[in-house]
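What follows is a set of structures for review.
Presented sequentially are two complexes of chain A, the first with chain B as partner and the second with chain C.
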Partner chain A sequence: QYFIKRVQTTKGMASLLEPFVNQTISVLTNDGRNLVGKLRGFDQLVNVILEGSHERVYSPEGVEKINLGLCIVRGDNVSVVGLVDIELDKKIDFSKLRAEPLKPVVH
Partner chain B sequence: FRSSSRILSIFQYLKMLFYSFFKSLVGKEIIVELKSDLCIKGTLHSVDQYLNIKLKDITVVDAERFPHMISVQNCFIRGSVVRYVQLPASEVNVQLLQDSSRVEARELKKK
Partner chain C sequence: MLPLSLLRTSQGHPILVELKNGDTYNGYLVSCDSWMNINLRKVIHTSKDGDQFWKVPECYVRGNTIKFLGIADEVIDLVQKEEQAQAQSSPAPRGRGDSRGGRGRGDRGGRGGDRGGRGGDRGGRGGERGGRGGSERGDRGGRGRGERGGRGRGQ
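Here is the complex of A and B:
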(Lines of atoms letter the chains of each structure in order from A and count residues from 1; the text may use other names and numbers.)
(Lines give C-alpha, C1' and ligand atoms only; values in the text may rest on other atoms or scores of the structure.)
Protein backbone atom coordinates (compact mmCIF):
# COMPACT_ATOMS: atom_id res chain seq x y z
CA GLN A 1 0.00 0.00 0.00
CA TYR A 2 1.45 3.29 -1.04
CA PHE A 3 -1.21 5.25 0.86
CA ILE A 4 -0.58 6.39 4.38
CA LYS A 5 -3.10 7.64 6.91
CA ARG A 6 -4.19 11.20 6.24
CA VAL A 7 -2.24 12.47 9.19
CA GLN A 8 0.09 15.42 8.95
CA THR A 9 3.52 14.21 9.84
CA THR A 10 5.06 16.65 12.25
CA LYS A 11 8.23 14.59 12.44
CA GLY A 12 10.09 16.85 10.05
CA MET A 13 13.78 16.70 9.44
CA ALA A 14 14.76 16.74 13.11
CA SER A 15 14.73 12.99 13.66
CA LEU A 16 16.88 12.14 10.66
CA LEU A 17 19.92 14.06 11.93
CA GLU A 18 19.51 13.20 15.59
CA PRO A 19 21.81 10.14 15.60
CA PHE A 20 24.62 12.37 14.30
CA VAL A 21 24.64 14.81 17.23
CA ASN A 22 27.98 15.06 19.07
CA GLN A 23 29.62 12.98 16.38
CA THR A 24 32.15 14.05 13.82
CA ILE A 25 30.43 14.78 10.55
CA SER A 26 31.41 15.86 7.08
CA VAL A 27 29.19 18.51 5.52
CA LEU A 28 29.11 18.99 1.76
CA THR A 29 27.83 22.45 0.92
CA ASN A 30 26.06 23.63 -2.22
CA ASP A 31 29.10 25.56 -3.37
CA GLY A 32 31.19 22.38 -3.30
CA ARG A 33 32.99 22.83 -0.01
CA ASN A 34 33.68 20.11 2.52
CA LEU A 35 33.51 21.01 6.21
CA VAL A 36 34.41 18.50 8.92
CA GLY A 37 33.52 19.01 12.56
CA LYS A 38 31.44 17.89 15.50
CA LEU A 39 27.70 18.29 15.08
CA ARG A 40 26.48 20.27 18.05
CA GLY A 41 23.04 21.25 16.85
CA PHE A 42 20.63 21.31 13.96
CA ASP A 43 17.03 22.24 13.22
CA GLN A 44 14.13 21.51 10.87
CA LEU A 45 15.70 23.63 8.15
CA VAL A 46 18.94 21.62 8.39
CA ASN A 47 20.86 24.60 9.75
CA VAL A 48 23.89 22.95 11.33
CA ILE A 49 26.21 23.93 14.17
CA LEU A 50 29.73 22.58 13.84
CA GLU A 51 32.30 22.72 16.61
CA GLY A 52 36.04 22.49 16.10
CA SER A 53 35.50 22.44 12.39
CA HIS A 54 37.90 22.68 9.52
CA GLU A 55 37.44 22.93 5.80
CA ARG A 56 39.13 20.38 3.54
CA VAL A 57 40.08 22.00 0.26
CA TYR A 58 40.79 19.42 -2.42
CA SER A 59 42.88 20.23 -5.46
CA PRO A 60 45.13 18.45 -7.97
CA GLU A 61 48.04 19.77 -5.89
CA GLY A 62 46.86 18.22 -2.63
CA VAL A 63 44.53 18.77 0.28
CA GLU A 64 44.52 21.89 2.45
CA LYS A 65 43.00 22.11 5.91
CA ILE A 66 41.59 25.44 7.05
CA ASN A 67 40.56 25.68 10.68
CA LEU A 68 37.24 27.38 11.27
CA GLY A 69 36.34 26.60 14.88
CA LEU A 70 32.71 27.00 15.87
CA CYS A 71 30.40 27.80 12.97
CA ILE A 72 26.82 27.68 11.79
CA VAL A 73 26.03 26.48 8.29
CA ARG A 74 22.73 27.71 6.91
CA GLY A 75 20.48 24.83 5.90
CA ASP A 76 19.81 26.22 2.40
CA ASN A 77 23.42 25.56 1.65
CA VAL A 78 23.74 22.01 2.99
CA SER A 79 23.69 19.20 0.44
CA VAL A 80 25.05 16.18 2.35
CA VAL A 81 25.76 15.46 6.01
CA GLY A 82 27.95 12.39 6.36
CA LEU A 83 28.82 10.56 9.55
CA VAL A 84 32.62 10.29 9.70
CA ASP A 85 34.19 7.04 10.79
CA ILE A 86 37.13 8.44 12.77
CA GLU A 87 39.22 5.30 12.43
CA LEU A 88 38.87 5.33 8.65
CA ASP A 89 39.53 9.04 8.58
CA LYS A 90 42.82 8.64 10.49
CA LYS A 91 44.04 6.20 7.83
CA ILE A 92 43.78 8.76 5.06
CA ASP A 93 47.13 10.06 3.87
CA PHE A 94 46.23 13.63 3.01
CA SER A 95 49.69 14.38 1.68
CA LYS A 96 49.10 11.92 -1.15
CA LEU A 97 45.46 12.74 -1.82
CA ARG A 98 44.77 14.52 -5.09
CA ALA A 99 41.31 15.38 -6.29
CA GLU A 100 39.32 17.96 -8.18
CA PRO A 101 37.16 20.13 -5.95
CA LEU A 102 33.51 19.13 -5.81
CA LYS A 103 31.14 20.70 -8.26
CA PRO A 104 28.59 23.20 -6.98
CA VAL A 105 24.92 22.28 -6.86
CA VAL A 106 23.00 23.54 -9.85
CA HIS A 107 19.23 23.58 -9.41
CA PHE B 1 -6.31 33.60 1.01
CA ARG B 2 -8.30 30.39 1.13
CA SER B 3 -7.16 29.38 -2.38
CA SER B 4 -3.50 29.84 -1.48
CA SER B 5 -3.86 27.67 1.60
CA ARG B 6 -5.64 25.10 -0.56
CA ILE B 7 -2.69 25.09 -2.96
CA LEU B 8 -0.34 24.55 -0.03
CA SER B 9 -2.35 21.61 1.24
CA ILE B 10 -2.41 20.14 -2.28
CA PHE B 11 1.38 20.19 -2.42
CA GLN B 12 1.61 18.52 0.95
CA TYR B 13 -0.78 15.84 -0.21
CA LEU B 14 1.24 15.23 -3.39
CA LYS B 15 4.43 14.78 -1.37
CA MET B 16 2.81 12.10 0.75
CA LEU B 17 2.57 9.77 -2.24
CA PHE B 18 6.30 9.75 -2.87
CA TYR B 19 7.05 9.78 0.84
CA SER B 20 5.03 6.56 1.14
CA PHE B 21 6.66 5.22 -2.00
CA PHE B 22 10.14 5.75 -0.58
CA LYS B 23 9.14 4.29 2.76
CA SER B 24 8.25 1.09 0.90
CA LEU B 25 11.82 1.05 -0.44
CA VAL B 26 13.54 1.21 2.95
CA GLY B 27 16.22 -1.47 3.14
CA LYS B 28 16.75 -1.57 -0.62
CA GLU B 29 19.89 -0.45 -2.36
CA ILE B 30 19.51 2.76 -4.35
CA ILE B 31 21.77 5.23 -6.09
CA VAL B 32 21.14 8.91 -5.43
CA GLU B 33 22.40 11.32 -8.07
CA LEU B 34 22.84 14.82 -6.69
CA LYS B 35 22.53 18.09 -8.55
CA SER B 36 26.28 18.46 -8.13
CA ASP B 37 26.73 15.33 -10.29
CA LEU B 38 27.90 13.27 -7.32
CA CYS B 39 26.37 9.77 -7.26
CA ILE B 40 26.06 7.95 -3.95
CA LYS B 41 25.05 4.31 -3.74
CA GLY B 42 23.73 2.98 -0.47
CA THR B 43 20.97 1.20 1.39
CA LEU B 44 17.94 3.36 2.03
CA HIS B 45 17.68 3.72 5.78
CA SER B 46 14.99 6.34 6.10
CA VAL B 47 13.17 9.16 4.40
CA ASP B 48 11.14 12.09 5.68
CA GLN B 49 8.32 14.28 4.43
CA TYR B 50 10.78 16.57 2.61
CA LEU B 51 12.19 13.49 0.87
CA ASN B 52 15.50 13.94 2.67
CA ILE B 53 17.22 10.59 2.40
CA LYS B 54 19.41 8.74 4.85
CA LEU B 55 21.68 6.11 3.35
CA LYS B 56 23.70 3.45 5.14
CA ASP B 57 26.93 1.76 4.00
CA ILE B 58 27.51 4.14 1.18
CA THR B 59 29.92 3.90 -1.70
CA VAL B 60 30.53 6.79 -4.02
CA VAL B 61 30.13 5.88 -7.69
CA ASP B 62 33.37 6.74 -9.47
CA ALA B 63 35.13 6.97 -6.12
CA GLU B 64 38.46 7.90 -7.68
CA ARG B 65 37.12 11.26 -8.76
CA PHE B 66 35.34 11.80 -5.46
CA PRO B 67 37.52 10.75 -2.51
CA HIS B 68 35.78 13.41 -0.39
CA MET B 69 33.47 10.89 1.27
CA ILE B 70 35.99 8.14 1.84
CA SER B 71 35.60 8.01 5.62
CA VAL B 72 31.82 8.31 5.57
CA GLN B 73 29.63 5.22 5.89
CA ASN B 74 26.24 6.73 6.68
CA CYS B 75 24.95 9.97 5.33
CA PHE B 76 21.98 12.29 5.25
CA ILE B 77 21.12 13.82 1.89
CA ARG B 78 18.98 16.95 1.74
CA GLY B 79 15.97 16.36 -0.50
CA SER B 80 16.46 19.63 -2.35
CA VAL B 81 19.79 18.53 -3.83
CA VAL B 82 18.61 15.23 -5.27
CA ARG B 83 18.42 15.08 -9.04
CA TYR B 84 17.64 11.37 -9.54
CA VAL B 85 17.09 8.31 -7.43
CA GLN B 86 17.97 5.08 -9.22
CA LEU B 87 15.88 2.19 -7.95
CA PRO B 88 15.89 -1.56 -8.50
CA ALA B 89 13.15 -2.14 -11.06
CA SER B 90 12.13 -5.37 -9.38
CA GLU B 91 11.17 -3.52 -6.19
CA VAL B 92 8.72 -1.16 -7.82
CA ASN B 93 5.13 -2.18 -8.31
CA VAL B 94 4.49 0.05 -11.30
CA GLN B 95 0.82 -0.83 -11.56
CA LEU B 96 0.22 0.12 -7.92
CA LEU B 97 2.19 3.35 -8.32
CA GLN B 98 0.20 4.34 -11.40
CA ASP B 99 -3.09 3.55 -9.71
CA SER B 100 -2.10 5.47 -6.57
CA SER B 101 -1.06 8.48 -8.67
CA ARG B 102 -4.37 8.41 -10.50
CA VAL B 103 -6.31 8.31 -7.26
CA GLU B 104 -4.19 11.13 -5.80
CA ALA B 105 -4.80 13.24 -8.89
CA ARG B 106 -8.53 12.60 -8.59
CA GLU B 107 -8.51 13.58 -4.92
CA LEU B 108 -6.66 16.76 -5.76
CA LYS B 109 -9.15 17.66 -8.47
CA LYS B 110 -11.97 17.29 -5.98
CA LYS B 111 -10.27 19.72 -3.64
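Here is the complex of A and C:
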Protein backbone atom coordinates (compact mmCIF):
# COMPACT_ATOMS: atom_id res chain seq x y z
CA GLN A 1 0.00 0.00 0.00
CA TYR A 2 1.36 3.38 -0.87
CA PHE A 3 -0.03 6.72 0.29
CA ILE A 4 0.46 9.25 -2.47
CA LYS A 5 -1.85 12.21 -2.02
CA ARG A 6 -2.19 15.59 -3.59
CA VAL A 7 -1.77 17.84 -0.57
CA GLN A 8 -3.83 21.04 -0.29
CA THR A 9 -1.45 24.00 -0.06
CA THR A 10 -3.36 25.37 2.95
CA LYS A 11 -2.66 22.26 5.06
CA GLY A 12 1.02 21.91 4.28
CA MET A 13 3.25 18.91 3.91
CA ALA A 14 2.83 17.79 7.52
CA SER A 15 -0.67 16.47 6.79
CA LEU A 16 0.98 13.59 4.90
CA LEU A 17 1.46 12.09 8.38
CA GLU A 18 -2.29 11.85 8.98
CA PRO A 19 -2.70 8.31 7.62
CA PHE A 20 0.09 7.18 9.96
CA VAL A 21 -1.67 8.18 13.19
CA ASN A 22 -2.11 5.29 15.64
CA GLN A 23 0.23 3.17 13.57
CA THR A 24 3.77 2.11 14.26
CA ILE A 25 6.29 4.36 12.62
CA SER A 26 10.04 4.66 12.44
CA VAL A 27 11.57 8.11 12.91
CA LEU A 28 15.13 8.87 11.83
CA THR A 29 16.45 11.82 13.78
CA ASN A 30 19.18 14.28 12.81
CA ASP A 31 21.66 12.70 15.23
CA GLY A 32 21.36 9.39 13.40
CA ARG A 33 19.02 7.64 15.83
CA ASN A 34 16.18 5.36 14.86
CA LEU A 35 13.10 5.63 17.07
CA VAL A 36 10.22 3.21 16.63
CA GLY A 37 6.83 3.77 18.22
CA LYS A 38 3.14 4.43 17.73
CA LEU A 39 2.37 7.84 16.23
CA ARG A 40 -0.14 9.50 18.52
CA GLY A 41 0.02 13.02 17.18
CA PHE A 42 1.89 15.61 15.19
CA ASP A 43 1.68 19.27 14.19
CA GLN A 44 2.66 21.52 11.27
CA LEU A 45 6.22 21.80 12.55
CA VAL A 46 6.42 17.97 12.43
CA ASN A 47 6.79 17.70 16.21
CA VAL A 48 5.85 14.05 16.75
CA ILE A 49 4.35 12.15 19.68
CA LEU A 50 5.53 8.56 19.96
CA GLU A 51 3.90 6.13 22.38
CA GLY A 52 5.61 2.99 23.62
CA SER A 53 8.72 3.98 21.73
CA HIS A 54 12.11 2.37 21.71
CA GLU A 55 15.39 3.29 20.13
CA ARG A 56 17.21 0.78 17.97
CA VAL A 57 20.95 1.22 18.15
CA TYR A 58 22.77 -0.56 15.34
CA SER A 59 26.44 -1.45 15.56
CA PRO A 60 28.87 -3.98 14.08
CA GLU A 61 28.49 -5.91 17.37
CA GLY A 62 24.73 -6.18 17.22
CA VAL A 63 21.47 -4.32 17.85
CA GLU A 64 20.50 -2.70 21.15
CA LYS A 65 16.94 -1.82 22.07
CA ILE A 66 16.43 1.08 24.50
CA ASN A 67 12.91 1.65 25.78
CA LEU A 68 11.81 5.29 25.91
CA GLY A 69 8.05 5.04 26.47
CA LEU A 70 6.06 8.19 25.71
CA CYS A 71 8.07 10.90 24.00
CA ILE A 72 7.81 14.06 21.94
CA VAL A 73 10.38 14.49 19.20
CA ARG A 74 10.92 18.10 18.19
CA GLY A 75 10.24 18.64 14.50
CA ASP A 76 13.53 20.27 13.62
CA ASN A 77 15.29 17.02 14.60
CA VAL A 78 13.22 14.77 12.36
CA SER A 79 14.79 13.69 9.07
CA VAL A 80 12.63 10.76 7.98
CA VAL A 81 9.32 9.28 9.06
CA GLY A 82 8.35 5.89 7.73
CA LEU A 83 5.49 3.48 8.26
CA VAL A 84 6.59 0.19 9.79
CA ASP A 85 5.27 -3.03 8.31
CA ILE A 86 4.71 -4.86 11.60
CA GLU A 87 4.52 -8.32 10.05
CA LEU A 88 7.81 -7.80 8.30
CA ASP A 89 9.32 -6.29 11.43
CA LYS A 90 8.46 -9.40 13.50
CA LYS A 91 10.42 -11.55 11.08
CA ILE A 92 13.67 -9.70 11.69
CA ASP A 93 16.15 -11.65 13.82
CA PHE A 94 17.81 -8.86 15.75
CA SER A 95 20.32 -11.17 17.42
CA LYS A 96 21.97 -11.79 14.08
CA LEU A 97 21.66 -8.26 12.73
CA ARG A 98 24.86 -6.28 12.26
CA ALA A 99 24.93 -2.80 10.82
CA GLU A 100 26.90 0.43 10.82
CA PRO A 101 25.08 3.16 12.71
CA LEU A 102 23.73 6.13 10.79
CA LYS A 103 25.83 9.27 10.78
CA PRO A 104 24.38 12.49 12.17
CA VAL A 105 23.03 15.06 9.72
CA VAL A 106 25.49 17.68 8.59
CA HIS A 107 24.11 21.03 7.43
CA MET B 1 -3.43 14.90 19.69
CA LEU B 2 -1.12 17.85 19.34
CA PRO B 3 2.40 17.55 20.75
CA LEU B 4 2.22 20.91 22.52
CA SER B 5 -1.08 20.03 24.18
CA LEU B 6 0.47 16.79 25.44
CA LEU B 7 3.32 18.87 26.83
CA ARG B 8 0.91 21.23 28.57
CA THR B 9 -0.93 18.27 30.10
CA SER B 10 2.33 16.90 31.48
CA GLN B 11 2.84 20.01 33.63
CA GLY B 12 3.53 18.97 37.19
CA HIS B 13 4.89 15.58 36.09
CA PRO B 14 8.47 14.36 35.76
CA ILE B 15 10.03 14.91 32.39
CA LEU B 16 13.27 14.16 30.63
CA VAL B 17 14.64 16.73 28.23
CA GLU B 18 17.46 15.99 25.84
CA LEU B 19 18.98 19.02 24.20
CA LYS B 20 20.51 19.23 20.75
CA ASN B 21 23.95 19.31 22.33
CA GLY B 22 23.29 15.95 24.03
CA ASP B 23 22.88 17.22 27.60
CA THR B 24 19.91 15.86 29.54
CA TYR B 25 17.73 17.55 32.09
CA ASN B 26 15.56 15.44 34.40
CA GLY B 27 13.01 17.26 36.50
CA TYR B 28 9.40 18.29 37.06
CA LEU B 29 7.78 20.34 34.32
CA VAL B 30 6.50 23.58 35.80
CA SER B 31 5.31 25.35 32.66
CA CYS B 32 5.66 25.50 28.91
CA ASP B 33 4.62 27.79 26.05
CA SER B 34 3.82 27.64 22.36
CA TRP B 35 7.50 27.83 21.43
CA MET B 36 8.23 24.79 23.60
CA ASN B 37 10.21 26.95 26.06
CA ILE B 38 10.02 25.11 29.37
CA ASN B 39 10.52 25.73 33.03
CA LEU B 40 11.73 22.84 35.20
CA ARG B 41 12.09 22.31 38.94
CA LYS B 42 14.32 19.91 40.96
CA VAL B 43 16.49 19.28 37.97
CA ILE B 44 19.39 16.93 37.48
CA HIS B 45 21.48 18.12 34.57
CA THR B 46 23.75 15.49 33.04
CA SER B 47 26.39 16.21 30.46
CA LYS B 48 26.40 14.45 27.09
CA ASP B 49 29.13 11.95 28.03
CA GLY B 50 27.48 11.17 31.35
CA ASP B 51 30.56 12.19 33.31
CA GLN B 52 29.31 15.44 34.86
CA PHE B 53 26.23 16.02 36.99
CA TRP B 54 24.58 19.13 38.38
CA LYS B 55 21.65 19.43 40.75
CA VAL B 56 19.71 22.52 39.81
CA PRO B 57 16.67 23.71 41.81
CA GLU B 58 15.07 25.53 38.87
CA CYS B 59 15.89 26.07 35.24
CA TYR B 60 14.52 27.48 31.97
CA VAL B 61 15.17 25.75 28.67
CA ARG B 62 14.64 27.55 25.37
CA GLY B 63 12.42 25.53 23.07
CA ASN B 64 14.62 25.61 20.00
CA THR B 65 17.48 23.90 21.87
CA ILE B 66 15.41 20.80 22.58
CA LYS B 67 15.97 17.55 20.70
CA PHE B 68 13.29 15.48 22.39
CA LEU B 69 11.23 15.12 25.54
CA GLY B 70 10.57 11.95 27.48
CA ILE B 71 7.23 12.06 29.25
CA ALA B 72 5.90 9.92 32.09
CA ASP B 73 3.56 7.20 30.79
CA GLU B 74 0.75 8.23 33.16
CA VAL B 75 0.35 11.49 31.23
CA ILE B 76 -1.13 9.83 28.15
CA ASP B 77 -4.07 8.60 30.24
CA LEU B 78 -4.61 12.14 31.54
CA VAL B 79 -4.70 13.48 28.00
CA GLN B 80 -7.37 11.01 26.97
CA LYS B 81 -9.50 12.08 29.94
CA GLU B 82 -9.06 15.75 28.99
CA GLU B 83 -9.97 15.09 25.38
CA GLN B 84 -13.18 13.36 26.49
CA ALA B 85 -14.03 16.29 28.76
CA GLN B 86 -13.42 18.79 25.93
CA ALA B 87 -15.53 16.80 23.46
CA GLN B 88 -18.47 16.91 25.88
CA SER B 89 -18.24 20.61 26.74
CA SER B 90 -17.81 22.06 23.22
CA PRO B 91 -20.30 21.04 20.51
CA ALA B 92 -20.74 22.54 16.94
CA PRO B 93 -21.69 26.23 17.64
CA ARG B 94 -18.08 27.12 18.42
CA GLY B 95 -17.21 26.61 14.76
CA ARG B 96 -19.77 29.24 13.64
CA GLY B 97 -18.50 31.67 16.24
CA ASP B 98 -14.97 31.33 14.89
CA SER B 99 -16.08 32.05 11.31
CA ARG B 100 -17.95 35.20 12.42
CA GLY B 101 -14.88 36.38 14.25
CA GLY B 102 -12.75 35.76 11.19
CA ARG B 103 -15.04 37.67 8.80
CA GLY B 104 -15.42 40.55 11.24
CA ARG B 105 -11.69 41.03 11.48
CA GLY B 106 -11.34 40.82 7.73
CA ASP B 107 -14.01 43.48 7.07
CA ARG B 108 -12.59 45.94 9.58
CA GLY B 109 -9.12 45.48 8.17
CA GLY B 110 -10.35 46.30 4.66
CA ARG B 111 -12.23 49.44 5.72
CA GLY B 112 -9.25 50.63 7.71
CA GLY B 113 -7.17 50.46 4.54
CA ASP B 114 -9.75 52.49 2.59
CA ARG B 115 -9.71 55.18 5.27
CA GLY B 116 -5.95 55.47 4.88
CA GLY B 117 -6.36 56.01 1.13
CA ARG B 118 -9.02 58.68 1.61
CA GLY B 119 -6.75 60.44 4.08
CA GLY B 120 -4.13 60.72 1.33
CA ASP B 121 -6.70 62.26 -1.02
CA ARG B 122 -7.60 64.81 1.62
CA GLY B 123 -3.94 65.84 1.84
CA GLY B 124 -3.84 66.43 -1.93
CA ARG B 125 -7.01 68.51 -1.88
CA GLY B 126 -5.60 70.58 0.95
CA GLY B 127 -2.61 71.48 -1.25
CA GLU B 128 -4.88 72.55 -4.11
CA ARG B 129 -6.87 74.80 -1.78
CA GLY B 130 -3.62 76.45 -0.66
CA GLY B 131 -2.65 77.15 -4.30
CA ARG B 132 -5.99 78.84 -5.13
CA GLY B 133 -5.71 80.94 -1.98
CA GLY B 134 -2.21 82.12 -3.00
CA SER B 135 -3.26 83.35 -6.50
CA GLU B 136 -5.80 85.74 -4.94
CA ARG B 137 -3.27 87.29 -2.54
CA GLY B 138 -0.47 88.06 -5.03
CA ASP B 139 3.23 87.91 -3.89
CA ARG B 140 2.78 85.76 -0.87
CA GLY B 141 0.68 83.41 -2.88
CA GLY B 142 3.39 83.27 -5.57
CA ARG B 143 6.15 82.30 -3.13
CA GLY B 144 3.88 79.80 -1.55
CA ARG B 145 3.23 78.27 -4.95
CA GLY B 146 6.91 78.21 -5.88
CA GLU B 147 7.93 76.40 -2.69
CA ARG B 148 5.16 73.95 -2.92
CA GLY B 149 5.74 73.52 -6.63
CA GLY B 150 9.41 72.78 -5.95
CA ARG B 151 8.62 69.93 -3.62
CA GLY B 152 5.89 68.57 -5.82
CA ARG B 153 7.63 68.88 -9.21
CA GLY B 154 11.18 68.06 -8.10
CA GLN B 155 13.11 71.26 -9.03
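Descriptive notes on the structure:
Assume the second predicted complex is superposed on the first by the 98 of 107 C-alpha atoms of A that agree within 3 Å, B and C clash if a C-alpha of one lies under 4 Å from a C-alpha of the other, contacts with A are read in each partner's own complex, and residues count from 1 in each chain.
Note that a residue touches a chain if its C-beta (ideal position, glycine included) is under 8 Å from a C-beta of that chain, and two chains touch if they have at least 3 such contacts.
Quick caveat, the model's predicted, so the values are computed rather than measured.
The partner that reaches more residues of chain A, of the two candidates chain B and chain C, is B.
By the touch criterion defined above, A:Arg40 lies against chain C but remains apart from chain B after alignment on the C-alpha atoms of chain A.
Listing the residues of chain A that touch chain B in their complex gives 1-4, 8-9, 11-13, 15-17, 20, 26, 28, 30, 32, 34, 46, 56, 58, 75, 78-86, 88-89, 92, 97, 99-100, 102-107.
On the side of chain B, the complex with chain A involves touching residues 12, 16-17, 19-21, 23-24, 34-38, 40, 46, 48-50, 52, 54, 58, 65-78, 80-81, 96-97, 100. Chain A makes touch with chain C in their complex at residues 29, 31, 40-43, 47-49, 51, 68-74, 76-77. Residue ranges on chain C touching chain A, taken from their complex, read 1-4, 6-7, 20, 22, 36, 63-64, 66-73, 75-76.
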